[in-house]
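Structure incoming, see below.
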Amino acid sequence: MLTNEQRLTLYYWMLLTRSFDETMVAMWKQGRGLGGTFSQRGHEAISVGAAYALEPGDVIAPMHRDLGAYLLRGMTAERIFGNLLGRSGGVSAGRDANLHGMGDLGLQIIGFISHLPHSMAVSLGAAMSFVYRSEARVALTFTGDGASSAGLFHETLNMAAVWNAPWVVIVENNLYAYSTPLEQQMKVPAIAERAASYGMAGVSVDGNEVEAVYAVTSAAVERARCGGGPTLIEARTMRMLGHAIHDGAEYVPRSLLESWEKRDPVMTYRARLLEAGVSDEAVLSEIAERVAAEVAEAVARAEADLLPDPATVEAGVYAEG
Amino acid sequence: MLTNEQRLTLYYWMLLTRSFDETMVAMWKQGRGLGGTFSQRGHEAISVGAAYALEPGDVIAPMHRDLGAYLLRGMTAERIFGNLLGRSGGVSAGRDANLHGMGDLGLQIIGFISHLPHSMAVSLGAAMSFVYRSEARVALTFTGDGASSAGLFHETLNMAAVWNAPWVVIVENNLYAYSTPLEQQMKVPAIAERAASYGMAGVSVDGNEVEAVYAVTSAAVERARCGGGPTLIEARTMRMLGHAIHDGAEYVPRSLLESWEKRDPVMTYRARLLEAGVSDEAVLSEIAERVAAEVAEAVARAEADLLPDPATVEAGVYAEG
Amino acid sequence: MGTGSNFGFADGEQTGDSTRELTYIAAISEALREEMRRDPNVLLMGEDIAGDFGGAFKVTKGFEAEFGARRVINTPLAELGFVGAATGMALMGLRPVVEMQFADFISSAFDSIVQFAATAHYRWKGAVPWVIRAPSDGGIRSGPFHSQNPEAWFVHTPGLKVVAPATPADAKGLLLAAIRDDNPVIYFESKPLYRSLKGPVPSGAEALPLGEAAVVRPGRDLSMVTYGAMLHQALAAARRLADEGIDSEVLDLRTLKPLDRPAILATARKTGKVLVVHAANRLAGVGAEVAALVAEEAFEWLDAPVQRLGGLDVPVPFSPPLEDAYRPNAEKIYGAARRLALY
Amino acid sequence: MGTGSNFGFADGEQTGDSTRELTYIAAISEALREEMRRDPNVLLMGEDIAGDFGGAFKVTKGFEAEFGARRVINTPLAELGFVGAATGMALMGLRPVVEMQFADFISSAFDSIVQFAATAHYRWKGAVPWVIRAPSDGGIRSGPFHSQNPEAWFVHTPGLKVVAPATPADAKGLLLAAIRDDNPVIYFESKPLYRSLKGPVPSGAEALPLGEAAVVRPGRDLSMVTYGAMLHQALAAARRLADEGIDSEVLDLRTLKPLDRPAILATARKTGKVLVVHAANRLAGVGAEVAALVAEEAFEWLDAPVQRLGGLDVPVPFSPPLEDAYRPNAEKIYGAARRLALY
């Protein structure tokens, strides 16, 4: 059971994620962005709830809608804005774009690449390094409904099961892969059930309920930590904006968005906290103000940061030492 | 129900396959081979039973243990020996090795490549061409337990289901992928059951029973032909010799081989035919003689055939016209 | 990830006028549309290409409405599988045109391209008449995974053809040729040219021959050998050099496999000075083959060492100063060409 | 398919004597064994490498007995996935050595190698210290799928290192270096040399530096630049030329990425005549980079055009007369070098 303080913590991270995202979207509309970017609106409960279930030594390999996981793991909003804006202080120091390349092994975060779903296999390897060294650590990764059609999904699940790896994957089933709806992607869209054919635990969860995501992820992570093997978690949600910033997503029926809007993970959690007496308007407003200030400051610092020195373009291709 | 004549036909093809295979193995032991090659001993019921279920216009994409399918589809033993021996009259005219590259679109056969399991996706494409042209044709392919771990297995099954393709795949589960036993390949070795998670029909069959293989394949092919969609058939058998000709397969327990030896698909079918009064020793011996003569003649012709002219080495990279 | 670029929106080119100008991307759409009307065996496959959406770059917007879902097939995210399926369709005589969402994702289908499709005809006369359309190249702040120029991998691989048009007219004519060719053809289209470049495009459906380079600018003093977006940078550099009295010949390779060896050698022998330019990584790139060819077969004619300009040996970086440092442009070409002319 | 070749059997090399000769393949086994004893972070992954079987070529026979299943991991048939897993292990500080059953199958893992492993350090300082061992090359009647030399794909790709030893001593010393290197290294071992070549191998576990070519035979009249099995063909050709009074220098590149540019340029400038030889397809191969480099930076020293010999632009054919026509050998090198010397 979560304490009230933990609940407020979850709320804080979700709100920070949302606020970051809204600020980012607004900046890009104003022409203050660089290249493209991805909104994660609607995915806050998944990235935050799942990342909250990890211990500090666990490894996480987020995908492109998991902003909350980066933040919660200790990657500052400033560094992430810096990445989006190609600044030298950005996570990749201007080398990678938007939410790609945001790895930081000091924070136990593995960076994302476009090619889907490579984080699955790589994070499985991280998990196997824990087995190798008899460490009680777990690796967690995320993937999408779209990415689940790729062969690497199958290869990774199969190996994870055979090797009984301390590994958890969360499939963020947000009903679309870019413009492609589920029924054009798979005939039986019960992704969690696929786990059984690998001999792996599989569970489906409401991806808009942060505590539910936290609960199933915790259970999976702790089972993995104790040698109980991998789990596939399917978290159902909806991508509330376009695929990427330029995409108006006209292909998504408006009614679908409206019905999901009522289930907004941040707003429903806020209402729940009030209803359950976990907190009051004053406290929640104070959090909102804190979050807004943090985001504003992160943006200001990132925008003020320098672009990288072109003389460094060839540095860092190889690790030396 | 099969007529007695059909049963003898099945027997003939199985015996031809076996005889070809035994001759090949003997030749390689005698140093009359070229490069490596694969024995299909033990797989006769699968390749023959499945291929027999097809109409002439159907497409087949065999793998490396499906000699019987090639023969039954009309590829002569001489051309196949020619391929094994790198002769100009071989199927690939000396370009490809052993049972690779034995495609012949005149016989509706798609050639095999080493990289597993590419025949799956390619044969799915053939099936989709039938849908495209509204032809009542079916594509059939084979793959292995080992190959089922590859991502392309998943990608192909998923697309076949989504597209409701007239396509059938037979997984020849012969308990080993090279030296690797099933339990190191997958945690739940019920390959047929994986079909369900794609929304595809799945069925398991005794791969040493030619009539059973024929029956399930026929049913799957006819369902596919009528728009009923794809089927995954798992045919269980045992690889009776090494992975390839050089492999003594010391890693396979002898007792396992002995128990499967009793279930030899050719010998048990022979006994069945006699028992059921389908035929008598005289007829079966006559078939055996015919087969032996055919194989001997094929070998003689292939060995007498010329090696390709080196001046042709650059010809045929591109299709012209 | 399909990150946004400003090239993501269609702008409704008009067609029908035989002297009209089209953008580079409209020329691609037009080639596809005309060839689909002409040949019922041509079909399209790829991620998000169907429906009103019409693909990440809208090249096939409206195609499903005209040609139906049978001929405009949205695929799951499974490049290896759907390229393999295209190979099977092609073996059966269809002519699939596969869209990679970005050229960068062609590596996900690599195995199927280089091992199966490329070799089938040599091995057993299995003709594979597909085209893979690959939106390539950078310079538009898209980062390491939406800026790649992977043509060298495929030029090195026997059995493929590789095309890289630099103008709207070539984009159309070479795409028609690629579709009609009986072999697997990888067609690298240039994202930076999509909507920035307009040019005259014949309204007829006439294919240009594969394997023929074009002298886009004749000149005496040195030769620039290039392709794709770099053609326009080379031409800009040539104009600037012309002002200084240096007369550059500019050869647009257009097809990278088969290379037009006679045209390359002709320009090298004519001017005696060759600068090869491409946006792809320079190291062991297509330019190395061109330079080696010139060094081998035009040696006696050379008045200066063959020079190469290309991307650095690093992943394409995202941030503008880094990407600009990574990538050749008119300025750098001008500098290298000038040094070569003065050699 | 893992077809048989006569190189498929171990022959129990003796070890322990510091002046002993080992076969090329025994040197590889020894490097792995010694490094696993030395560094507990080194582990092996691949198809069929464990147990008494010890891999298609028996390189790791007996390893599971010594090091346990934890460090000698049999994988399912899933190259893309297990290379990805190796990348994850490497990011966590382990040093996986992955065996491809044949180099030909490296294309099945291509995406993971060129997109993830090769770029992680440039993008976010993720060091990926793995090695992929890839049994490559042909000449042994193994057909198009067991004879490939795919090094050019990887040399062109930023972020990788590529090694191709030609002698037992280099096989050992460079494998040790590859394992200790903090970057992803692709180690192309030569199947035709596995058991046909013996040579002295130091018994100590001393790594040779990556990126350094070796002048294997000094000479005055022309330079042969080569690597892998072709080194021995070049040396044979050089001996024959020596009988005719033509003195060849033979440079073994040993590492293909990073290329030893100074060594290449030094030999080119010394002899003024360069012949580049490799078994891989010639077109846009590594030899093109070498030739282009020489043409660019040793131009003033050249007395003849840089020549290249390599595989033809076709898949490696199976049948002996075809494979022999496809592939360079001592005879062809002799002919080309002689023409060059007489130029």
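Letters A, B, C and D name the chains as they come in the text, with residue numbers starting at 1 for each one.
Note that in this section a contact is a pair of C-beta atoms (placed from the backbone, for glycine too) under 8 Å apart; a residue touches a chain by one contact, two chains touch by 3 or more.
Values in this document were obtained by computation on a predicted structure and should not be read as measured data.
Student: In this assembly, which chains make contact with subunit C and also with subunit D?
Tutor: A, B
Student: Rounded to the nearest whole Å, what is the centre-to-centre distance of subunit B and subunit C, using the mean of the C-alpha atoms as each centre?
Tutor: 41
Student: Any idea how many Å lie between the Cα centroids of subunit B and subunit D?
Tutor: 36
Student: CA centre of subunit A versus CA centre of subunit B: separation in Å?
Tutor: 46
Student: Quick one: which residues in subunit C touch 2 or more of the other chains?
Tutor: 76, 78, 80-81, 104, 107-108, 111, 115, 119, 122-123, 144-145, 158-159, 312-315, 317
Student: Return the residues of subunit A touching two or more other chains; collapse runs of consecutive numbers into ranges.
Tutor: 92, 95-96, 100-101, 113-115, 149-152, 155, 158-159, 162, 184-186, 317
Student: Classify the chain contact graph as line, ring, star, complete or other.
Tutor: Topology of the interface graph: complete, with all chain pairs in contact.
Student: Subunit A touches which residues of subunit C in the complex?
Tutor: Going through subunit C, the ones touching subunit A are 1-6, 8-9, 47-48, 51-53, 56, 74, 76-81, 101-102, 104-105, 107-108, 140-146, 312-315, 317-322, 324-326.
Student: How about subunit A: which of its residues touch subunit D in the complex?
Tutor: The contact residues of subunit A facing subunit D are 59, 91-92, 95-96, 100-105, 110-111, 113-115, 118, 120-132, 139, 151-152, 155-156, 158-159, 162, 316-321.
Student: Given the complex with subunit D, which residues does subunit C contribute to the contact?
Tutor: That would be residues 104, 107-108, 110-111, 114-115, 118-119, 122-123, 144-145, 152-153, 155-159, 257, 281, 283-289, 291-292, 294-297, 299-300, 302, 304-308, 312-315, 317 of subunit C.
Student: Name, in rising order, each residue of subunit B that touches subunit D in their complex.
Tutor: Contact set of subunit B toward subunit D: 34-38, 64, 86-88, 92, 94-98, 100-101, 113-116, 146-147, 149-151, 177-180, 184-186, 243-247, 250-251, 307-314, 317.
Student: What residues on subunit B touch subunit A, complex-wise?
Tutor: Where subunit B meets subunit A, its residues are 149-155, 158-159, 161-162, 183-188, 190, 193-194, 196-200.
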